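Okay, so chain A shows up in both of these, paired with chain B first and chain C after.
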Partner chain A sequence: MSLSEFAVQVEQLSHTYMKGTPFQQEALHDVYFHAKPGECVAIIGHTGSGKSTLIQHLNGLLLPQTGQVNVLGLELSESNRCALPEIRRQVVVLFQQPEDQLFEKYVADDIAYGPLQYGLPKKEVIQRVKHAMDFVGLPFETMRNRPIYALSGGQKRKVALAGLLALDPQVIVLDEPTAGLDPTSRQELLYKIKRLSRDEGRTIIFVTHSMEEVSLLADREYVLAGGSNVADGTTREIFANRELIHRYRIGTPQSVELVHTLIVNGYDMNSSTFGVEETVAEVRKLLRQEVG
Partner chain B sequence: MLTGRPETLFPSWGMASFFVPESTVVDHFEKEGIYVDPIIRVERVSFHYGESEERIPVLYDVDFELAQGEAVAIVGHNGSGKSTFAKLLNGLLLPSSGEVWVSGTNTKNVQARERLRSAVGIVFQHPDNQLVETIVEDDIAFGPENIGVPQDEIRRRVDEALEVVGMMAFRERPPHRLSGGQKQRIAIAGVLAMQPSCIVFDESTSMLDTDGRREVMEVIQQLRNQGVAIVSVTHHMEEVVHFDRVIVFQEGRIVRECTPRQLFTNHEQLAAYYLEPPEMHRIAVGVHRHEELFRSDRLTVSEVVDEFEHVVRWQQRKEALSS
Partner chain C sequence: MAEAFDSARHITIGQYMPGRSLIHQWDSRYKLAAFTLYIGAVAFCQSYAGNIAGLAICLFTVFLARIPLGYALKGLKPALPFLLILALLQLLFNGKVYANGQVYWQYGFVWLTEGGVRLVIVSTMRFVDMMLFVSVLTLTTTTTQLARAMHSLLRPLEKMKVPVHAFCMMITIALRFVPTFALEMDKIRKAQAARGASFGTIPWWRIIKRTQSVFPLIIPLFQLALQRAEQLIEAMESRGYRSHGRTSFRSFEARTADVMLLFVAIGASYLLIWL
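Right, the complex of A and B next:
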């Protein structure tokens, strides 16, 4: 298999749950997905769109029934199961509501669990835990002995993320990373995720409902519906597509909602406008035109 | 702290707070003598988790009152004590010091526990954690059945609750196959079947997508029309704009209590609370900076659209007059 230019490459992937039973249900149909090293790519879709099934393929929790999944030059398949341990070390997945998965009593113990399982020397583990905690914004000295039950939801989320970062992975897959966080924690976390990709060159793949997050973070995005690809492109390309947004009920930022409402009300506006500054400029231009 | 009350009793007054100085409204209101006892009264409540050495303080000296039919949003940082506060309101947690009264009953009163939980229902963050049965209508009937409500009365309550949350068509479905927003609506119906006078939403929309959030907000609006008081802990500032009153928690204390418009238009203070105004308000402020006519205190998409069309009409008329 030749080395591909992609960190993650998925081609023509299909997956059927409970295949061969009366309950069989096709979750993915001919899905493609690419992410280059260091790129930040979003996956958007509603309940039942197949996004969770897709990300479970990225570190081999599910193996392809048909189609190919290539991660960091390694093929994931039934016949190549021996590559799985290596892949799981390099590709980590932060599932939804990761705070429910914390099981140690104290913060630092939980973060150290993964690296300890991999048999890293104790000194190295402590180093990594410290670094990971600092990175997510939990001060090591004051928080390491904090019991998990006394943490808020947002703090627990940070602990779960730190636990993954302590493994020093190349590809990080995040399923709804900011759901349930307050606006500041959300901003902070998004900024940190951005740093993971821009400064540290890690590949980030994240699933989200929020186009606000997408516009802040993603280089590109894929829209899934009913287990198939329905669109992919840059944020601006997706926002400008009013038909797509309505059809697949993609939750847009308020600015996009405003622009689209004004267009529907008969004003001539650039439909690919989004964000506060662009919208303000566009509204001002329109005000001058209408009077003009 | 009765600021939000007039707006609630007269929902059509939605705009009253901009045109009438708030103090005037309250004065008038009290003169009319419609003062009603609050449903919930929180008196100097402090709370800490754990004991002695491991003690972790969460709330300090919190005072709060909730009037009948009022809708209050609670905002603040993760870890500011909001969720703990929400769980104190029906005795799920008991104060370390201070008192919580629900319609005159202290939440420490063990004998009244059942009544308290019926009077103040809580809808939590993860809908999956509160759905128990395999069929939607059984799930909604679960609460009333447990307190021994007669069968035909249960049937009536289930119908009514499903109607309010708009889930009648799903009554015989298994709840785990529904979308997040639909699950939350079932959870709300379950609380509603207990005929509460207040429902506390503890970040109930935070795991939902934009669509699901809208569904839940519409149900909240329905509940308000029926006179149910609402307390909603939320991180979504676009939701906060629809409430009568907003309370800001910071490090376990209430630091501000006002209307959403008062909160969002005071930018310096907002920044000090680490809160951001809704995107729409930032756009209104941005436009106002250049076009003075355009009001800066707009908060929602429909308000900004209205303001835009208003300014356009105004300028066109001015133009017509001068030419």
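Right, the complex of A and C next:
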């Protein structure tokens, strides 16, 4: 495969934290990861599996100690530091608890921070802030002068997301974007992410614990454990692999759980079923067979 | 864009490094007393010989504690600019105050004297010694041990209504949170870099701009610190924390070796002052 086929390409990446101190610890070992332009890819794994370390390589916050990271055709390495500003503009990362990073007093000022840092003209910055705020569901006219400390947790997260979208990035990386949100805000945020991927064609890479989110959003998944790849494939392939799911204690969505339980109990079902509608259809079919 | 996101790596003060060395197992009351003595002795020591001896004792303690030397020295790195500026100021402006010995060079109020040069060298060495001692102390002693040691050493002051316990608690908490805030700082720095911030690209003479450029770090850090403080208070109060009438889970029991080590330290400190 040629390089240009991928928006993000990671090969044989290893990373050791605090190298050369008594506290050194290997976080990634020979990890690979690919994402095509416009794809929505999930990274799954338990705490300490290296997910966060991996995503920090995608915009050059960490540079590869060994292995290669290629983003949008640009090589990320110690010797290619001059490419970093361009890469950070095209690849944004929303970290965990992004509401902690807001520092301005007013909503619009904080969202404008990124575009202003890149020296865009004022007019365009205003345009982008407006667009980003409208997109995340904070109406520009009424919300731009709200003080940030008066916002709810869900609203703050929207501000943080808008701050990144105002950079108009090609690749958006999200680290557990819905952690700690109430169900409504969560649903809303997932829907926004889906729109970014499906309607705007941006490449989305997200880290998650929730398989419901995976089944809702992702085209493909990478499963990490102990700093190494253990599996990857389409959502259908991963959910069909019961042995894998049990071994790495991946919490499956309730729909998949149901299908697996039925299979274990001797019912004849397609093990690669996932998603609520599909499961309903399968169960209907089963019921019809039982009755007939 | 020369940036590295690893403040935590450079901060050796406040980090604990588990181990079973002689220094690690030293009763923390005696250890604290001995280290305080050493630091006091280093502070009073005026001569080159004394300071070299001090440095030697320092390095020997690092060796005894089985701390990699490079790691212990790394803690000094962030302090280097301050050391240099301090040394320079002392060299230029303190010469007249310490005008004993030969005057090397004189221009207006700037006097370079033998006393001044000695002061610069001695005070720089002192600073290095002290930082190393404090690093060794915190690397080999957990903060709970340290606080309890401090508490028992300062206990006599309680009779004079000094709030020893509250004071020790404050110090423990402060030390405990140094690495936490360093990590927090890295996180914020990364988050801001991910949305376009670049730190350290504005030249130092544009002071206002440069100060403004760290607002995105400082403000969230303060917010987090205040939040954490509040959480800590609630956690402590919900577990029934009171500042008086507390007992402890483990009691101190000094062995002969602990006392012996203290005597060695007293001897060495005495030596430092008289050298």
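Keep this in mind: the second predicted complex is superposed on the first by the 279 of 292 C-alpha atoms of A that agree within 3 Å, B and C clash if a C-alpha of one lies under 4 Å from a C-alpha of the other, contacts with A are read in each partner's own complex, and residues count from 1 in each chain.
The rule is short, and it goes like this: contacts are C-beta pairs under 8 Å (C-beta built on N, C-alpha and C of every residue); 3 or more make two chains touch, one makes a residue touch a chain.
Since the model is a prediction, treat every value here as computed from it, not as a measurement.
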{"item": "Touching partner for A:Leu174 - first (chain B), second (chain C), both, neither", "value": "neither"}
{"item": "Chain B versus chain C, judged by how many residues of chain A each one touches", "value": "B"}
{"item": "Touching partner for A:Pro115 - first (chain B), second (chain C), both, neither", "value": "second"}
{"item": "Touched partner set for A:Pro183, first chain B, second chain C, both or neither", "value": "first"}
{"item": "First, second, both or neither for A:Gln101, with chain B first and chain C second", "value": "second"}
{"item": "First, second, both or neither for A:Pro253, with chain B first and chain C second", "value": "first"}
{"item": "Chain B versus chain C as contact partner of A:Val207, first or second or both or neither", "value": "neither"}
{"item": "Chain A to chain C touching residues, read off their complex", "value": "18, 20-23, 56, 59, 61-62, 81, 84-85, 88-89, 92-95, 98, 100-103, 113-115, 117-118, 163-164, 167"}
{"item": "Residues of chain A that touch chain B when the two form their complex", "value": "46-48, 96-97, 147, 149-155, 176, 179-187, 209-210, 212, 249, 251-255, 257-258, 261-262, 265, 276-277, 279-280, 283-284, 286-287, 290-291"}
{"item": "In the complex, chain C residues that touch chain A", "value": "1-2, 5-6, 8-9, 17, 67-68, 70-71, 74, 187-188, 190-198, 215-216, 219-220, 223-224"}
{"item": "Contacting residues of chain B [partner chain A, same complex]", "value": "49-50, 54, 56, 75-80, 83, 125-126, 179-180, 203, 206-211, 235, 237-238, 274-276, 278-280, 282-283, 286-287, 290-291, 294, 301, 304-305, 308-309, 311-312, 315-316, 319"}
